[in-house]
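Order of writing sets the labels: A, B, C and D. Residues in every chain begin at 1.
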Amino acid sequence: MSSSFGTLFTISTFGESHGIGVGAVVDGVPAGMSLSEADIQPQLDRRRPGQSDLTTPRQEADQVSILSGVERGLTLGTPIGLLVRNKDQRPGDYGEMSQIPRPSHADYTYQMKYGIRASSGGGRSSARETIARVAAGAIAEKVLREQWGVEIVAWVSSIGDIDAPELDCQGITREQVDATLSRCPDPAAASRMEDLVREVRDAADSIGGVITCVCRNVPAGWGEPVFDRLEAKLAQAMLSLPATKGFEIGSGFAGSRMLGSVHNDPFVQKGARLGTLTNHAGGVLGGISSGEPVLFRVPFKPVATIGKTQQTADFEGNPVELAAKGRHDPCVVPRAVPIVETTAALVLLDLALRQKMRQ
Amino acid sequence: MSSSFGTLFTISTFGESHGIGVGAVVDGVPAGMSLSEADIQPQLDRRRPGQSDLTTPRQEADQVSILSGVERGLTLGTPIGLLVRNKDQRPGDYGEMSQIPRPSHADYTYQMKYGIRASSGGGRSSARETIARVAAGAIAEKVLREQWGVEIVAWVSSIGDIDAPELDCQGITREQVDATLSRCPDPAAASRMEDLVREVRDAADSIGGVITCVCRNVPAGWGEPVFDRLEAKLAQAMLSLPATKGFEIGSGFAGSRMLGSVHNDPFVQKGARLGTLTNHAGGVLGGISSGEPVLFRVPFKPVATIGKTQQTADFEGNPVELAAKGRHDPCVVPRAVPIVETTAALVLLDLALRQKMRQ
Amino acid sequence: MSSSFGTLFTISTFGESHGIGVGAVVDGVPAGMSLSEADIQPQLDRRRPGQSDLTTPRQEADQVSILSGVERGLTLGTPIGLLVRNKDQRPGDYGEMSQIPRPSHADYTYQMKYGIRASSGGGRSSARETIARVAAGAIAEKVLREQWGVEIVAWVSSIGDIDAPELDCQGITREQVDATLSRCPDPAAASRMEDLVREVRDAADSIGGVITCVCRNVPAGWGEPVFDRLEAKLAQAMLSLPATKGFEIGSGFAGSRMLGSVHNDPFVQKGARLGTLTNHAGGVLGGISSGEPVLFRVPFKPVATIGKTQQTADFEGNPVELAAKGRHDPCVVPRAVPIVETTAALVLLDLALRQKMRQ
Amino acid sequence: MSSSFGTLFTISTFGESHGIGVGAVVDGVPAGMSLSEADIQPQLDRRRPGQSDLTTPRQEADQVSILSGVERGLTLGTPIGLLVRNKDQRPGDYGEMSQIPRPSHADYTYQMKYGIRASSGGGRSSARETIARVAAGAIAEKVLREQWGVEIVAWVSSIGDIDAPELDCQGITREQVDATLSRCPDPAAASRMEDLVREVRDAADSIGGVITCVCRNVPAGWGEPVFDRLEAKLAQAMLSLPATKGFEIGSGFAGSRMLGSVHNDPFVQKGARLGTLTNHAGGVLGGISSGEPVLFRVPFKPVATIGKTQQTADFEGNPVELAAKGRHDPCVVPRAVPIVETTAALVLLDLALRQKMRQ
């Protein structure tokens, strides 16, 4: 059941990049909530290709259809079927490529695991699979917002070696994030990032980056010790996204270099609740949300498909040269911003519903 | 079911730090394998307190008993009950502390989640809970070693700002790791780390560090797309450990700064199999093991309990000063080495058994 | 995740009776198997309404589409999306009925559980939901047949008080079952059953019946002690079907009246394997298949929707009279035969794949 | 994870009949509830052997210990470890028997499944495994009683061909049930049942029976469509008990013989809620509790171990004679009464907690 995620709020995804479409069954959505495709489409639009000259010029509408679970504009509490049809694209004649596992792609490992792979290569490892999660996560975001006022905002905090300055995670908005093509809310850093991406693109190469995400207004008490800690489920969900190579919550790797007397977050009264002066913890203590903002970072490796010629080997082990044709993203992180947000929502809503068993 | 982990090889843990004991039910162990407490105890011994002057001077034997699933020295294929009794320690009179949530501990969030907490504070967030995982993981290690020749070795790669030089992950052994008190196999770095830990200890403070882990001889094909990717389940498992604040596989955060043409791992024939020249991927492609070493890093924050006086607030929000009494680890990472190894084994064996459905 | 079933071979269903369609995501199908809609449609055709004058005269084509997981006629090992579109049927004006919970329907309990219900009443409790299971189960049947030679045959063994004589469960075929409209392979009993159904239909009433099912060539060793015993998962699956009120395996209720010396099935050599002379066990011992035919029975209550006037109460508790309009089945058991077969296949394939972890 | 059951209220059992003990990890118990061994022991006492001359004369105390999850008499919300030690009984020298799979026992199928089996035969298929469920279920009963006023009462409704008259399921109490050795609350029937059991016992034979169970005060709304319907989970749980061969809810098999106009349960106002005049449904509609009593029946086959000589075959297929030595129950159903009750509680509490996600 590895295409499923969640205990009470659950998602099961399906679909290859070159088949009829991609979709999901979403279960656990509360009944009686107003819901339509218009609630879901905006995050898909932020994710889709062709948004700017920083992304692949491929154009895909990625229009979502709700197949079930909603009637007369209200959720029934039953599973919601979601479908996004692929544009009519038959698995091409990949001739040469079918004999060559693309470096740092999943061609080789899918072949070893299943004894077969989608002729188009990508299959389930394709970034198109994330469409289903974004659609499901957009529903989760709506529930979280309406029931608890949760706000989730992600942004690009670095591309290559260009780092945005530390940002105020309390105030940042999606509007600020979307104000630049690179989705870095610091205009100066954004400008340099965009120059870098264009330079890399023109060199037929690719570049990675880091996304930072904050979840505000998460009540204290979410997260299930011990294996389903909030940060553990976030880490699983983020590392299940294509191209991610890590995860940090709060102080992260830098925290490992600190003294306890510096790292500890002192408690202090904050309005009606207890809070902390600092937030090295990243909003979790013992795997449970503390009421402070949940703050995490996810690094994305550079896109594996590049136009530059690479020396590699075919499935038989013979040395070959490979240069990808077609149109690819030089840098995925701007488009990954809504993916990280909606994936965080999948985690949070499931833990929110699980906490209800105690109420 | 948040104290359980795994799909086919599963573990369910129980136990508080100040109760009768901690333990686990381990299911999915292959039948007919020789097994006794002697297979499990060595990793518990590497984990237990009191091993050196770098750790808490508390002495606990942490002797494991097998309660079921083994007869005449052979596993039956049925659940294995494991129990490690706590030494006779009644929940003390925590007087003052019971009114003060310790900074960066789980006292506050357990109270908010459950409306009650263990009087000793730690409860399930205590590091003692990991005893159950280490015991279960030691069984998993044995299965992995005997059936596939898998070798898992973890070591301390940094404490505070002292970094070990890059090590040859192909050759490193547990003997090399255990040759120093700090479990850093580079003697020079180890010596400086140990000096730092003693300095921190004498200052009644604590310090964090990073553990690196390699899993060798993992066959290609383990890992279940899309939510149960190998790196996703490793990330969940590692972030479910107390004090961890992140996870990296392969190139990790540094990989986000690279060009695709540099980061891509070219394929090359390696003996009878296809391998890669570099291993920025960290042994996984598309969430599935590639046959290259699985390589990951886990940062641990400094221990929250310190003797130094801290300014904080009690549950009512009143400012208070707190200074921990008792004996605590100034740095947990040396003792966390076997925890990381055995936790990795829990993940790998479950995915190994799941891949069998395709054979 | 209550619309999902299975551990390794899994199904997640969605869809209301009056929405866009019903469907499923099916995961765990082995890779490299030839598969097309033509493998699935026959069982849907055996299930669909309008087959004879014994069933509702409603006509629905119930054509299945495979949305993913198959390429060039072969399964990829990835999730298979299935969709059966409903004919264009807007939720009608149920005016009166929306205020009256239909007796022995789920209108009342859905309202109590979700605080809302599909205006058409049926929603997820509708028998249309079973379309998704039949489609998924038809795939499971193909895997079971090709990999292990498993044959599953169900038939109508009673309708009302008309019982078919005991049949030879070793020889019975689907062709024999389909030779009569009632799907009772005993022609004499079938004829009397059909007369009864027509009589009931003409009285605007309904009648129940029992389906018996045999699974042949199930190898010894399937079934997971203790909660996922073969008979336990069969019982769950059968009782999760609409209108079922029970389950028996082997001797069933009658077995409770026997002496142990009569009920015990003596072992005897059967060709290359050990078998039993009798099969009161119904093919399972200790929850694990024995190699003998798995034999079980499922009673279906009479259809709740009847044309006859019924005295009942509306949601406010006011006494009302209700007489269903529209066209309904006087007896569902002939159409339920493929549902029972395919549901059994869902159970067996999951347990078959789980047993592979031991090989 | 086949020794585990439940989604939010979960149980994982372990233990063989001849090992150190049997036990369970119970997760999902609400925090802050008073709990001690004294809440659990009574149901274990009703289950234990040696209660009367109707049961095996073996004497076992079956004293439960709580290992975790409770402090100062209150639950912490964390997993509760339970252990019942076996009396010191080493796996005997079963000499002859180890070569002969006992008819209608699991010796043969465990050997086929695992390639090994406990030398004592029973292993996990032994009725001793149910001790862990009874202990866990006794905790569930307490939660259900305190939070919702749920009352669960089971009784023996038939042994062999001796049927108790239909009883008033609204009024029946455990005291009435325990008033007779046979746990049949009808004294006349009980007396005849007890005579029959003694007669069977003296003939070195065994006999089966049926247990009926009612769950009162179950609120409307419990049960998760579609695979985790209330009756589906009850059926799974009951069929996962040793020696059970079936399950009926409400009208059961008899319902399949009725007309819809007779079987339908008309709604009627009952105090503040809507109820039904009859209860052929058995308290569930569409898999969801209706507020009417949940009523089900479970048949138990005769005990397989009998003193009478049986003709059978050894593992090699050679014909042999077998006569069990030792002391066995001639009829298990009186002792199975608390097993059925506590198993029902496991199901109900899990579904109760799952319904809380909607509140």
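Heads up, the rule we're going with is that a residue touches a chain if its C-beta (ideal position, glycine included) is under 8 Å from a C-beta of that chain, and two chains touch if they have at least 3 such contacts.
Keep in mind that what you see is a predicted model, and the values were worked out from it rather than measured.
Chain centres computed from CA atoms place A at the largest separation from chain D. Distance from the chain A centre to the chain D centre is 46 Å, each centre being the mean of its Cα atoms.
One finds 26 Å separating the Cα centroids of chain C and chain D. Annotation for chain B: residues touching 2 or more other chains are 1-4, 7-8, 13, 28, 31, 77-78, 113-115, 124, 225, 354, 358. Because contacts link each chain to all the remaining chains, their graph is best described as complete. Chain D makes touch with chain B in their complex at residues 1-4, 6-8, 10, 12-16, 18-25, 27-28, 31-32, 65-72, 74-81, 83, 91, 113-119, 123-124. The part of chain B that touches chain C in the complex is made up of residues 7-8, 28, 30-31, 77-78, 225, 353-354, 356-359. The touching residues of chain D, counted against chain C in their complex, run 1-5, 7, 13, 101, 103-106, 108-110, 112-115, 124-125, 129, 158, 160-161, 200, 205-210, 220-221, 223-229, 231-240, 242, 244-253, 255-269, 274, 276, 280-282, 284-291, 297, 299-306, 308, 310-315, 317-319, 354-355, 358.
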